[in-house]
Amino acid sequence: MIPLSHIIIFSLIIFTIGMVGALSRRNVFIVLMSIELMLNAVNIALIGVSSAMGNLIGQVLAIFIITVAAGEAAVGLAIVVALYRNRLTVNVDAINLLKW
Amino acid sequence: MTQELVLVVIKMIVVFAVALLVVAYLTYFERKIIGHMQLRLGPMRVGPHGLLQPIADGLKLFVKEDIVPHDSDRWTFYFAPILNLVCALVLLAVIPFSYNFMVTRLNIGVLYILSLASVGTIALLLAGWSSGSKYPILGGLRSAAQIFSYEIFLGFSIMGVLMISGSLDLVKIVEAQSKVWNIVYQPVAFVVYIIAALGELNRTPFDLPEAETELVAGFHTEYSGFKFAYFFLAEYANMIIVSCMAVILFLGGWKGPVLPGIVWFLIKMCAFFYFFIWVRATFPRYRYDQFMRIGWKIMLPVTLANILVTGIVMMLV
Amino acid sequence: MMINAWDVVFFFLAGLILLSALGVVFIRHPVYSALSLLANLCVTAILYLSLMGAPFIAMVQIIVYAGAIMVFFLFVIMLMNLSKGEYQERAVPWRLLLGLGAAALFAFQIFILAGEWRGVLSPGAGGFGVKALSHFIFTRYILAFELVSVLIFVAALGAVALAKKKL
Amino acid sequence: MNVTVPMPNLSLVVPEILMVILACGLLLVDLFIPKDRKRVVGYIALAGVVVVGVVTAAFWGKMAQPATTFSGTFVLDRFALFFKEVFLFTTGITILISLKYLEIEKVSLGEYYALMLFCTLGMMIMVSGADLIVIYLGIETMALSVYVLAGFMKFDHKCTEAALKYFLLGVFISGILLYGITLIYAATGSTQLAQVAAVIKEKGLAKNPLLVLAMFMLAAGLGLEIAMAPFHFWAPDVYEGAPTPITAFISVAPKAAAFAALVRIFYHGIQLLEPQWQILLWIICAVTMTIGNVTALMQQNVKRMLAYSSVAHAGYILLGVLAANQVGVQGIAFYFFAYAFMNMGAFGLVIYLRRENIVGDDIDDFKGLAQTHPLLAVIMVVFLLSLAGIPPTAGFVGKFLLFAAAIKAGFYWLVALAALNSVVALFYYFRIAKAMYMQSPEPLPQLSPGRGLVLALVVVGVFTLFFGIYPQPLMSLAKDTAHTFMMFLS
Amino acid sequence: MKDAYWPLILVLLLAVGFGVVAVLMSTLLGPKKPDPIKLSPYECGVDPVGDARMPFFVHYYVVALLFLIFDIEVVFTYPWAVYFKKLGLFGLLEMVVFIAVFLAIFIYVWGRGALEWE
């Protein structure tokens, strides 16, 4: 018997780690992977809740999230590839033609 | 509980030991059969008719110098072959060799096999990359592209079988074939499966990653010693898995008259081995563009059509 | 006795996931980072399988996340094959502060939320089969299901349009 | 034994189905059209959008009552229809102003139009989604297309950079949005808005911290597309870097869609949390307006200035959301049409000034426009007046409705702040006018706008004035919209 | 036989154990005679030219992309295939629409020439 709060808090921790990575790392790949980590944390929470409540909607949503993550990876890496062609870099710091 | 545990451990050890033995002797038989097909004798020196050859090979690889190139990425260089082998070996756990003989039964067995097979691709990519030299990288990218292209068709080709049996459980899939084997209902899928399997195994006529003329030796150019042997082992272990899956999905698994189930299973499996070796001896290698064209432009539409036709026929019947 | 065993399993898996998550974020080289994420995803799948009774999701997780998305990532990283020097990063303190701020925010949330959960996971009770899930996707969420195909179309379209040099 | 699947009422999703067919068909047709005749693709897309618009409009009379289908995951009501028309109108205008621009930039491709149509489809799903899962997928469909469109000129450094920034931020925020959905699901056991509302009511979860947190996260997730503070900082960069027609599109359509989704979720899903989300939105509204207007004052680049002005407009529209009454929804609906007219017009003018080597987005490019192109200058003044909210333009009517709604709901201080902000806004709109009328022109090469662009400018210009002088027809439509939408709450 | 996942852990441990131990053994047992030429990257006996960096091969990228996309389709087709008997005609129609959209992707990619391997 694992209390659901364990799972949720755990997933929040992972989510936060992902957030820290997405905000503080400079390599585009790692930023993207940190975001994947965030989505994974959401999935942990969803499936935990789903199986604790005996309700399948969470699992359905989790599948859709995984799908969307694939779409995001495809588009994101395409943008990175286009950028790499132009600049030969994947470092967010070097990408500064536009001021934030 | 303890009894169960012991049982599982015993089964596990038996399966692994037999599998490794089979792998070793597959290499032997491959050389022998191809030799005879080409009117040669194959290995003859070690033991009677060269029967101890695989053991000698293994020992040789074991004591060879283990070269790690200075440009390589040490950790991944070690990690890649292990990952490759592990991904192949753990698949053996769910194969039902007969109704009762399997390490464990999963209700999602098919997915388990496909999922770990897809992780194996990463090992090839890593192997190529970690070598730090250009041929292996290209070879790794090529193998990976090839393997995951054909993984798609492999996945689609078994869909018809899943529709008929309505389960992802390997045992139930076999049980659903009590009367008629799936190959009767799904001949197209079977052919696609075999082609996809050849592509996924990097075997002739699709052994492009190892095309010596273009790429030296593919992703494992820089590997030597036992790490090299791992790729070899994994390839043959994958061959076992693919054959087992073909038997289970299309040829009725352990079903057969008179003889006990497990014997039938092994017979069918050996037929596949023979087929793979035969193909290797017969066909020339495809060019990479031809290979990709076959995959994406022919097999993909065919498999999709197969799913729809299966669906329509099942609706009508 | 059994209860303790599941607790041990949970904390063990959670520890592994946590370690690999930290690895993703703090390892310098993207290939290692990707491997760490791969480990993370696989252990998460084990978590789903062992404690949450969600075998199908676990497998989808490995097939799509580990087997497709991560392969795709590694593939692109290796296609670019940047030399080691290009992975050096400047330390940017204000970014780190931002990250720490986020962390603090979430720590705060955890305090708010900790008492709000009454449910328990009872592993070993047997989860949902694939068919129950199919039933949901293919009857109730048909629209979402069809929408997924459109979404993937958009992704494919966009990726090809951006990545191909000349169209 | 077969499961009985209730056949969904497909007639309600006809516009969406048409849209998918149109987009897919467009791509396939594009493959067979030679390179020099790509303009045809644009015409087909435009015609298709018009057809879908007509079909959507045909539903209006039948939808006095909301209708749901797909097991309650999709709802069609007048609110959804109204916003769908906004999107379709925006898309049509964007296609018109893109025709020439794409030729100058040499990216005339079917993908461009197809992505825009898919984006519209995503938004149509967003406003019609009655289930958080469907809304989420709609958002993602929209967002992925917009990311690609923003970086569509892939050899332009600024453009790909803008796309990357937009993408990274968007995906990051969508993670937060998802966590919000998860928390709602965790608290109520459902993702369907009606059920969520029912469970909250039944179990008295109105003060549940989970839901409050979820509300924050949802607001953040949708706030990115809305460009409300503190998630507005991407807007100027992306607006500057993206191709100008896409900038025009992004500044209107996704914002409208995100607002519609926000309103639907907040009003129909978690309406019992109204005290909480009113506090949240109050603060956001005040900050957004102020930041948008004050930073816009300091911009030299017209696209950036319009970006900050659109942030400010998001703030004004938040007044309507905050009011949570019928006038508020009416105001939001009306304002979005007006906003579509004036913003598309202003960006259209920037495109008009696009020449071979000059982007036309610096404020100096507007110098002396009144002397060289007097008519153009007049039209621009109309748009600027409308953006500033001065009669007799549609912008004024919209702003009036929003302010009235907020006053009715008792947000006096906020309205005072908004009025103050409107005054500040006058300054930077006036700068463009000053450049046009009071500065002498630099020698300009001949401008060669396409007919499509001229047509688009005329249409939006006329609408801006027409609905400013005679707003009744649009007002009554907006009123019907608000009426059916708010029936739920009573 | 009942479903059980725990044996998988044992199998995993055994496989990993075998893998690691054998590699370590062979590393320890094998001879160690490194020399710079032996450790340099293999290029058919010629001195290595340049580093291992190469131009970006967009074809590989496109193939990987296609794989990612069709993998999604495969994953959604599994639960459908398993449940197909129960869903009946309606299920078939659903899948026809789903596959039709993916076919459109496929035709588009084909028509754009992304499948041509020069």
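Each chain gets a letter, A, B, C, D and E, in the order it is written, and its residues are counted from 1.
Here is the rule we use: a residue touches a chain if its C-beta (ideal position, glycine included) is under 8 Å from a C-beta of that chain, and two chains touch if they have at least 3 such contacts.
Since this is a predicted model, take the numbers as computed values, not measurements.
Taking the definition of touch as given, a chain qualifies here only if it contacts chain D and chain E alike; those chains are A, C. With centres defined by CA atoms alone, the chain at the far end from chain A is B. A centroid comparison over C-alpha atoms places D as the chain most distant from chain E. In terms of C-beta pairs in contact, A-C outnumbers the other of A-C and C-E. Distance from the chain A centre to the chain D centre is 26 Å, each centre being the mean of its Cα atoms.
Chain D has its Cα centroid 32 Å from the Cα centroid of chain C.
Chain B and chain D have CA centres that are 53 Å apart. As a whole-number value, the distance joining the C-alpha centres of chain A and chain E reads 21 Å.
For chain A, the set of residues that touch two or more other chains comprises 8, 15, 18-19, 32, 49, 53, 57, 60, 63-64, 67-68, 70-75, 77-82, 84-85.
In chain C, the residues touching two or more other chains are 55-56, 60, 63-64, 67-69, 71-72, 75-76, 79-82, 109, 113, 116-117, 130, 133, 135, 137-139, 141-142, 144, 148, 150-163, 165, 167. Among the residues of chain E, those touching two or more other chains are numbered 5, 52, 54, 56-58, 60-61, 64-69, 71-72, 74-76, 78, 82-83, 86-88, 91, 101-102, 104, 108, 112. In this structure, the chains touch in the following pairs: A-C, A-D, A-E, B-C, B-E, C-D, C-E, D-E. Residues 1-5, 7-8, 10-12, 14-16, 18-20, 22-23, 25-27, 29-34, 36, 38-44, 48, 50, 52, 54, 57, 60, 63-64, 66-67, 70-71, 74, 77-78, 81-85, 88-89, 92, 95-96, 99, 102-103, 106, 110, 115-118 of chain E touch chain B in their complex.
Against chain E, in their complex, chain C makes its touches with residues 49-50, 55-56, 60, 63-64, 67-69, 71-72, 75-76, 79-83, 130-131, 133-135, 137-139, 142, 145-146, 148-150, 152-153, 155-157, 159-160, 163-165, 167.
In the complex of the two chains, the chain E residues touching chain D come out as 86-88, 90-91, 101, 104, 107-108, 111-112.
Residues 5-6, 51-54, 56-58, 60-62, 64-69, 71-76, 78-80, 82-83, 86-87, 91, 94, 97-98, 101-102, 104-105, 108-109, 112, 114 of chain E touch chain C in their complex. By the touch criterion stated above, chain D contacts chain A in their complex at residues 133, 136-137, 140, 144, 147-148, 151, 154-155, 157-158, 160-165, 167-168, 171-172, 174-175, 178-179, 181-182, 185-186, 189-191, 233, 237, 240-241.
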